[in-house]
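Once you scroll down, you'll see the structures, which are given as structure tokens.
Two complexes come next, and they have one chain in common, chain A, joined by chain B in the first and chain C in the second.
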Partner chain A sequence: MAEEAITEASVEASGEASVEASVEARAEGVPAAEAWIPRVSRRAALRDGLRAYGLIVGMWMRSTMAYRASFVMTAFGNFAATAFDFVAILLMFAHVDALGGYSLPEVAFLYGTSATAFGLSDLALGSMDRLGRRVRDGTLDTLLLRPVPVLAQVAADRFALRRLGRIAQGLLVLGYALLTVDIDWTVTRALMLPMMVLSGAAIFSAVFVAGAAFQFWAQDASEVQNSFTYGGTTLLQYPPTLFAKDLVRGVTFVVPLAFVNWIPALYVLGREDPLGLPDLAAFLPPLVAVVCCALAGVAWRAGLRAYRSTGS
Partner chain B sequence: MRLYAVVAAGGFRRYATYRVATFAGVFTNTVFGFIMAYTYTALWDERPHLGGYDLSQAVTYVWLGQALLMTCAMMGGGFEDELIERIRTGDIAVDLYRPADLQLWWMAGDLGRAAFHLLGRGIVPMVLGSFAFELALPRDPLTWLAFLFAVMLGVVVSFAIRFLVALSAFWLMDGAGAAQMAMLAGMFFSGLLLPLNLFPGVLGEVARALPWSSLLQVPADVFLGKHTGWDLAGAYAFQAGWALALLATGRLLQTVATRRVVVQGG
Partner chain C sequence: MSTDGTGFIELDGVEKVFDVRRKAGLLRREKHQVRAVDGISFRVPRGEMVGYIGPNGAGKSTTIKMLTGILTPSGGRLRVAGIDPSRERTRLAQRIGVVFGQRTTLWWDLPLIDSYRLMHRMYRVPDARFRVNLERCVELLDLAELLDVPVRQLSLGQRMRGDIAAALLHDPEVLYLDEPTIGLDVISKAKVREFLRDLNAERGTTVLLTTHDLTDIEQLCKRVMVIDHGRLLYDGGLAGLHEVGESERTLVVDLERELPPIEVPGARAVRVEGPRQWLAFPAAESAAPLVARIAAEYPLVDLSVREPDIEAVIAKMYADRSAV
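Let's turn to the complex of A and B:
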């Protein structure tokens, strides 16, 4: 019954109203709520959260598609914005043959893997930096009242399909890299590619969630998270040999962004790790991703628990 | 005149209110500054004197870029989003009714904002950068003054461009597309990603002649002592020329646009 209400509500309306309406429609049919359910049904809660996320995302996609020309333009804009980053790298290589000992195809490989992994997580969770605003203006309270996990609601809020532009750009550069780069392909190395992109996306997603959790305490600090998300992907687009050892250590052991692409990519490219980590480290990204996501989840729960409504 | 001074002071105070946001912004500018400074170091190690800069000048250029990123609003943001919204909702009618000039009003506010961003977002990243990298800071106090004047002209050019972007909302209703295009152009043609002297051939010549070079490339070259004497006057003339031309276009467009405004009674 709830299902039908959702589709009806969302097909008719578009924009914010549709989400409000349909999430409320859903609320009538589903009684359970995330934080108050017993441990046995945690898995059900996860499934519920993902389903809610999917429903809200679907709604925003339909709403986006109501203005198709605008979608095409903004997606292109997203594509172009990141493309300029790569144009700057191409212009650099107009003057040099190698940067930090890496050729253009190798840098393109780093760029493509980093940009694609980041693009995926940006598409899925990129709207989370709006959380601070919601805390500030008190609209987060509305989300708390709904029997849908808050994380799913915040993550799917204003889902921006235009971010496909960024992924497309990353994939394009990755394609160029794969065509030109000199890799001694083996089965392990080939499998490494999807593994690193997916694990990388999960690691960036954890950063997005942790950054949003931080905004429960510092509502105006959404830019701090840009340093780790946008800053992180920019950092990973260049070879690690460019940077000071301490910086590389920091993004390996403190905020483990190096596992997004540096460590596995160096293995694929057959290069020495600048920190002298063993080859085995290249197989760790999935594990690192799981740990990061778990930690981000803990941070999120702590943040949500610390939340005090503005009361207005 | 007094009115606009008050508006400018208001613009300054408005942005100064959000201290955590300023701190967060400084943090981000510093992180990006570090990433780019390392990249440029590798580039200049490979090719010393690229684009007429030595290594310390190139790294200084990076930190100037981070300092002026918000000041000259290279990636947009600031008053134009608000003005676009006012045009879309019709609140602009109230603005036109006020005994103040529309363009000067918003420019005064934007100059106040820029002054705050230069102090609040510009200085700290630069100081932090100077701890880790050797920067080419001018010895002559006059060079600092000359730089500040170039930055001011850059802010005016930036304002004039964004004012045009905002006015486009009179025709397009939704200014997002125009704002995005302006952001792309600002990011690339200001020299934020790469100094414009590194752009090859015709692309370089065109990029250096476009108004966006007033936002970063020209002030940075003044700071690095590339423009002195008559050359400096020429750089100022370039910036002022674009500022005047763009402001005049904005004025013209404003006249045309306000004729389109219809106030629905009620």
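Let's turn to the complex of A and C:
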């Protein structure tokens, strides 16, 4: 959840530090935005963004909680709808003992980690696919008028607590996997688990933001974005050997979503990597997450700059 | 008037060009440019209330969007309170209030009061200040019964009043209003105008207002700017519009009987209906010599002078401009 404000830090230069910086810049005759933007202002913008995100989310949660029964129903619906995914996998295992050489508990491990990571980013940023509509009908104007980062506003808009259902389901499957799977636990492997879930959530979030940024140009791109995120999570729930090597390679290097899951999961499970990457690759997810978030931030800023409102 | 003093809002040769694609034939798309704002310069000192008018598509909304930082100018220099809006949009946001008549800035699905509470926190308005401002707006804009209604259930006029209140909760130094009286009934319009007049008088809030209802301008603004095709046609007092618009007054004369159109130097007959005739003469000229001349030559029964109305002046201005 931290990445959403970083990405806007330099566009939304706010807070005292940035003010000073721009005053200085002007004194030297350099336009403010072209001047170097100090780290401090990024941190201020991040803080502002998170604060605004919290405010808006709080408001939506209060208004959701006003209708508690409806919240419980929709959250359960969300849980049930995503649970069907795993039920499909269970059904498959009713006929075979292993899927691409992976046992049911191992698949459950892949599924649980990926679903939890995705659930987290979906909870935090799942509203972002509405951006295309806002760009098309010009209602983004309104968000630009407020003294808080636009990204935080877009992300928090209509925050839906019912998406907790997806996380609950992911955690449940993960719990089942951890109870049944045969892992040779070490300290590194145990630490790998939260690391891969959090990095995964960050990478998914970066894809959400980049996808949303793309909608500044192609306003109907929410389908494209969904195929990356929702499609990505479906793919990741199956073992990599099930797919052709080239596809896997493409997914690993083109869409770094594989870092969410496969590479660290293979390490935790003590499996050979089908691509023959060194063990070290399993420790890369946090780094990949940071790079992805930075790239998503660049894309978002470029997108926001391209916004040109509408005629009425 | 446009260049004196220190400008709170300053525009120097501001331009906004949109690249648009237009269908040309079956598959081909032609790129061309719309110069929505084409080199506009003006200054608005602190505390002034200015009308910004022009026909549809003149570039009014585009100017306001640049003044808020929503759009980045394609050229020229623009400052509001010393801030470049598009570069420091979030910082400027603290100091300005904006009402788009066409579009709400409130949260569509939340009750009005929830939107206000959210603004309170977002703009970091001190609690006491917020309470005072909210009470004042609720009272003057008649919002008491609407506070718990979700915004989407409000009527246009109710929503507009809600939006005006929302724009003022953080004590902005300048208020931009883009067609704030659109779709309001007579009573609501009067209420909104009175509210704005008080705001300007008591708080010294600078106001820039666009509208198609010239009564808004007549009742609120001493200064008016007219734009068309992205260029400033006029900037000055409301009264001065008549001279620039080459406006004419009308002398209505009742004669004893039907006669051919009156012919006198300095005036021309524009309409004849039985014994009554309408003569147009330049608004700046005195009517007395004209009346004397007519009385000497024609059997005069009665007469009256009609002042040009602002609608006609503006309409003439728009029309002249389009003909060029």
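Criterion: the second predicted complex is superposed on the first by the 272 of 312 C-alpha atoms of A that agree within 3 Å, B and C clash if a C-alpha of one lies under 4 Å from a C-alpha of the other, contacts with A are read in each partner's own complex, and residues count from 1 in each chain.
Just so we're on the same page, contacts are C-beta pairs under 8 Å (C-beta built on N, C-alpha and C of every residue); 3 or more make two chains touch, one makes a residue touch a chain.
Since the model is a prediction, treat every value here as computed from it, not as a measurement.
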Contacts of A:R308 with chain B and chain C, given as first, second, both or neither: second
Touching partner for A:G175 - first (chain B), second (chain C), both, neither: neither
Which superposed partner A:T142 touches (first chain B, second chain C, both, neither): second
Partner chain in contact with A:A52 - chain B first, chain C second, else both or neither: second
Contacts of A:A81 with chain B and chain C, given as first, second, both or neither: first
Partner chain in contact with A:S63 - chain B first, chain C second, else both or neither: second
Partner chain(s) touched by A:M73 [first = chain B, second = chain C, both, neither]: first
Contact residues common to both interfaces of chain A (with chain B and with chain C): none
Chain A - residues contacting chain C, complex: 12-14, 18-19, 22, 31-33, 48, 52, 55-56, 59, 62-63, 138-139, 141-142, 144-149, 158, 305, 308-309, 311-312
Of all residues in chain B, those that touch chain A in their complex: 18, 20-21, 23-25, 27-28, 31-32, 34-35, 38-39, 41-43, 46-47, 50, 174, 176-177, 180-181, 183-184, 187-188, 193-194, 198-200
Touching residues on chain C, where the partner in the complex is chain A: 18, 61, 65, 68-72, 84, 87-91, 93-94, 96, 98, 100, 102-105, 107, 109-110, 114, 117-118, 121-123
Chain A residues within the chain B interface of the complex: 70, 73-74, 77, 80-81, 84-85, 87-88, 91-92, 94-96, 98-100, 218-224, 226-227, 231, 234-235, 238, 241-244, 247
